[in-house]
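Presented below are the structures under discussion, each in the form of structure tokens.
Next, two complexes with chain A in common: one pairs it with chain B, the other with chain C.
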Partner chain A sequence: MSHSKEIMVKMYTTMNRIRMFESMLQEYFAAGKIPGFVHLYLGEEAVAVGACSCLTDRDSITSTHRGHGHLIAKGGDLKLMMAEIFGKSTGYCKGKGGSMHIADFDLGILGANGIVGGGGPLATGAALAAKYKKTDDVTICFFGDGASNQGTTQESLNMASAWKLPVVFVNENNGYGISCPQCKSMAVTDIADRAAAYDMPGVVVDGNDVLAVHEAVGEAVKRARRGEGPTLVECKTYRWRGHFEGDACTYRCTEELNEWMAKDPIPRFEEKLVESGLATAEELEGVKAAVKKELDAALEFAQSSPLPELSALLDDVYA
Partner chain B sequence: MAKKTYLQALNEALAQEMEKDQSVFILGEDVGQFGGCFGVTQGLFDRFGEGRVMDTPITESVIVGAAAGAAASGLRPVAELMFVDFIGVALDQLFNQAAKMRYMFGGKAKVPMVLRMPQGAGIGAAAQHSQSLEAWFMHIPGLKVAIPSTPYDAKGMLISAIRDDNPVVFLEHKLLYGVEGDVPEESYAIELGKADIKREGTDVTVVATSRMVHSALEAAEILAKDGISLEVVDPRCLLPLDTGTILDSVRKTHALVIAHEAVGFAGPGAEIAAQVAEKAFDYLDAPITRVAAPFCPVPFSPPLEQAFIPGAGDIVKAVRALR
Partner chain C sequence: MSLAAIVANPASGKDIRRLVAHGSVFDNQEKVRMVRRLLLGLERAGVERVLYMPEGYGIVPRALNAIRPAMAVDALEMPVRNSQEDSIRAAEIMETLGAGVVIVLGGDGTSRAVCKGLARMPVLPLSTGTNNVFPFMLEATVAGLAAGLVARGVVDREIACVRSTALEICVDGEPVDLALVDAAVYEDVFVASRAVWDMSKVSKLCLTRCRPDSIGLSAIGGQLELIRPEEPRGLAMDLGENGERVVAAIAPGLFEEVGIVHREIMAPGRLYPVGHAPCLIALDGEREVAVRSGSQAAIRLILDGPWVVDVGRVMEAARSRGIFVRETSAGRDFRPIRE
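And then the complex of A and B:
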């Protein structure tokens, strides 16, 4: 644990921001307050936080349909996110995008994405732009185990490696592509093995250990900044909820879920922080209380914000 | 003014914009030293270097998607697919990503990319290398669709497309690459979404696109001998579509023939016909007629391919049938 207290507590705070944000969405979705559908990130917080804590505001990410965690970890504004998910005009996208299409270009968030495997080529392009402009900016492409089987992902890995582009492919392997378990959809056990096909490093980490993710992605980011090309980091994790809220999850058993919930990344990190003396239990309680307040404010903002005017329907189709 | 081919005009547009703006670069299959499948990027690799004229792997999804990602990150990529038919493997990156970013992100994204794609039949390339797919792209809000017919338009429209802050699908007809016309040396921009009346006339409006503009002009010559005066309107851009110019022409001539090489059923002509039927029905003295390819894939064998491609004779026949 070589990091400063400030960085560690910030990571802990962000994990809690994601956890509480998603829990709040779970509650309000069940109550019928949120239109459309949502894919929650509960249980996977260590991946987004471990990875994004290696980046600066100048670096970029591409995200997925399960993107709230990535956006929060990259600095996304909770009020604007919450309002967007509630379909309000004050949201990040003025209510035009919703849960799967939130972006903040100023923070390098190039968008969540409704298409599985849609982000790979975009991340490759963002990394190409960084190289073209001769900056040392890095792009992280988050993608799931399902997306790892898409041609777009494999094509992106190939071109990024051939061109030594500054991109890090962070695979969130939560074991299921919707209902289909990994063993049915691919022959490999470790998605990171596929890196060898593109002559790039492939690393497997415990995706429920925020520090392990941070270390692995940190190395990959450094390598990318040095101009040595991409890395594939596979983070083994699990989603606590179904693919979407309302998914009955008949395809997996309670024992499996319980096993993973016992590996909850937040208490694990909490223990480390307290044991190492970087923070006291009271301090961490304080963090949670502050996050709770922040989320209450975000919810209040979202709920009290107006729905979009119908006159906005045709705005922003073109620049 | 110098005579140049359609291909030279495109090449000149690329060179001039690259000279002017460091953020413009080219990516695609064999666009580098090889000069592009049809030669459009010839000489640009030597002039601007591999840093700005990039040979990609055969990976259409990433060509289109990386262009979109780079455009969203502040550059102005010009991507080339060898044949429009290859868009099939890359369509998601165009219509779900590039075209929608601006709207779904609430107006914050800009995606200033151009996707150049040769299309059309006539070189014996058969079903997977000969289609005219403009109608697909016209159906997607967020895209612009340019389809120039002359060297002059090709240069000015490509310059506009590169400067445009939206994703522009730029459709070039393979058989037009060798067509010559007057093209000024200097840089100039032709507004996307502005039709051009290629020949004024009084009796029948022919709205024609791409190579069919030339067929329509040929038909106009033939019919002029019989005292029938065609007005040939080239929309130049199908999205946005300059319906105003088309409607004005129909209100003057009271008759409309639409000519394109795409398959007729649900082709671009269907939209043009609908626009005129909705907005100028009372001005029409005859049913709207479409001259287009038949409803089949493009065949290989030369006589079959020729039978597939609509031409001046079909336009002449269609016009005569109106009267």
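And then the complex of A and C:
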């Protein structure tokens, strides 16, 4: 695998960007400063960063209701994201969409999505477009374990394989669909097993190891660009927070959470970077400090931006 | 009481080799069906109790949904951490509790983990993994029968088993890990997705066994030498651009041509240095040991590897002693003998 210092430090930076962004949202949501719902990505940073670091700006992603990490990893603008989530008119959707509707087509972000399993058909469609236009662009479809039980997801896997479309299905298996543990909703432990039914490679990786995700998704992206069709990469991970902020998490125990927090992907990567000599601990502290400044600026932008005017209520309404 | 043990790994057979090669997909439901047949074989051989490693999927409990063997089948009391530490710990506990054999369902990686936890208990590895050099592709029914005879002591260990050699990995003079089949020096610093398929990064390869019909990294040596697992010798090779070229199936559906610039028969106990650090050492096909800059690492062949059940030999011993044959007035009766 490629391990230039530039790429590795960029991945580390992005993981910290997501971690601090989400921690900030957690704090401001608890303080009642954020309208609507937020579903935080804390603990899953390695998946979005490991996967998106294999893409270019020409490639696309489809995201989920837990989408902030994917959007940041694909290059989403922190100020516009923060403003949108705060419901401000300067945000990505002029403050009317909130957390689950952020998109940036110029960056290949085809949208977060409030519908569980909604991303599969969009990603498959984008991949069909790439094949039709004879580009070598690839689409990554992020989806959760809950979404993997949806017909839309299974139909997308089938169609993508039947037509050999350049899409990589990246499953984030965090063990719970809302409050339902995987063992109560699925007869399999590994969602990757389902790929065999569609004559598609399916692999399981440690979703808390950014390099394992990067390597597996990187190979899947190369395969897609070669015109060999889709791949399903299942990343085993865990969300530190509830399904949404305010979820009391009565369906899981503290021991389980602690076990996963001990596998925090950021210190694990930090340790590898320092051990391998690619970065010093001081350099990495510097990265964190710089990211903190970016986030402070994004927060300041969001807080100082105006709410949408009442007169704009019906703007951009199509029906 | 005759006691057999089972370690069935729900995570085997799912790594990146299904993407970068053409590895088979071995889903857990198939492992359930294998364990079902295995239990029936153990029961038929007269085993009285079976212990198994608990894991997240519940392979053994699910196997029991469809059969009711006349023997106790109990989970070990141990924490489940969903890592290879589970297999190591389970093997240790099983041996301490006096199991006469442990049957492993997994690939080379699972077998390696179990063998790290064993002292003298025989192991019968059944393949559900990818490269399958150490574990056998065998019908679980017969494997259960043979394992049962070993567990009960009906067939002696010396007849039933082969003592395999192994490779010990030493870093700065201390043994840190073990490989059953192959240890490869891999020029990288990150373990990442673990598997080895980029041969341009392998600079040195040590093998405990060589067979021309093998798959995986040992297939390379298999084109050059014939070494049985129990022979007190191995093969060490330096890989590079020059030297003799060997074509081998290094993963399912994946052939590579590699250059061998130097090779020699490994003598037991002698240390073979890995060369410059930092690097990784892949054990039985998985990047495992990180050798840091400034450290000295070496590989040596050891003779006291695992005792491996040879199903063919066990069943031949059973046949020659007529264990499953009984003459009666009505003719032959195929009930097992409880000795």
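As a working rule, the second predicted complex is superposed on the first by the 315 of 319 C-alpha atoms of A that agree within 3 Å, B and C clash if a C-alpha of one lies under 4 Å from a C-alpha of the other, contacts with A are read in each partner's own complex, and residues count from 1 in each chain.
Going forward, contacts are C-beta pairs under 8 Å (C-beta built on N, C-alpha and C of every residue); 3 or more make two chains touch, one makes a residue touch a chain.
Fair warning: this is a prediction, and the values are worked out from it, not measured in the lab.
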Side-by-side fit of chain B and chain C on chain A, or clash: fit
Which partner does A:Leu110 contact after superposing on A: first (chain B), second (chain C), both, neither? first
A:Val317 in the overlay: touching chain B, chain C, both, or neither? Say first, second, both or neither. first
Give one of first, second, both or neither to describe whether A:Gly202 is in contact with chain B, with chain C, with both, or with none. second
For A:Gly242 in the superposed arrangement: first (chain B), second (chain C), both or neither? neither
How wide is the angle at chain A between chain B and chain C, using CA centres, rounded to the nearest 10°? 120
In the overlaid three-chain picture, which partner chain does A:Gly277 touch, first (chain B) or second (chain C), both, or neither? second
Partner chain(s) touched by A:Gly67 [first = chain B, second = chain C, both, neither]: neither
For chain A, which side has the bigger count of touched residues, chain B or chain C? B
Which partner chains sit in contact with A:Asp193 here, chain B, chain C, both or neither? Use first/second/both/neither. second
What's the minimum Cα gap, in whole angstrom, linking chain B and chain C in the superposed view? 25
Within the complex, chain A is touched by chain C residues 10-11, 14-16, 18-20, 25, 27-29, 56-57, 81, 188-194, 278, 290, 292-293
Contacts from chain A onto chain C in the complex sit at residues 1, 3, 183, 188-190, 192-193, 195-196, 201-205, 209, 211-212, 214-216, 219-220, 223, 231, 233, 259, 272, 275-278
Taking the complex as given, what residues does chain A use to touch chain B? 60, 62, 91-97, 101-105, 110-111, 113-115, 118, 120-130, 132-133, 151-152, 155-156, 158-159, 162, 315-319
Sites on chain B touched by chain A in the complex: 25, 51, 56-57, 59, 61-62, 64-75, 77, 89, 92-93, 96-97, 100-112, 141-142, 144, 165-166
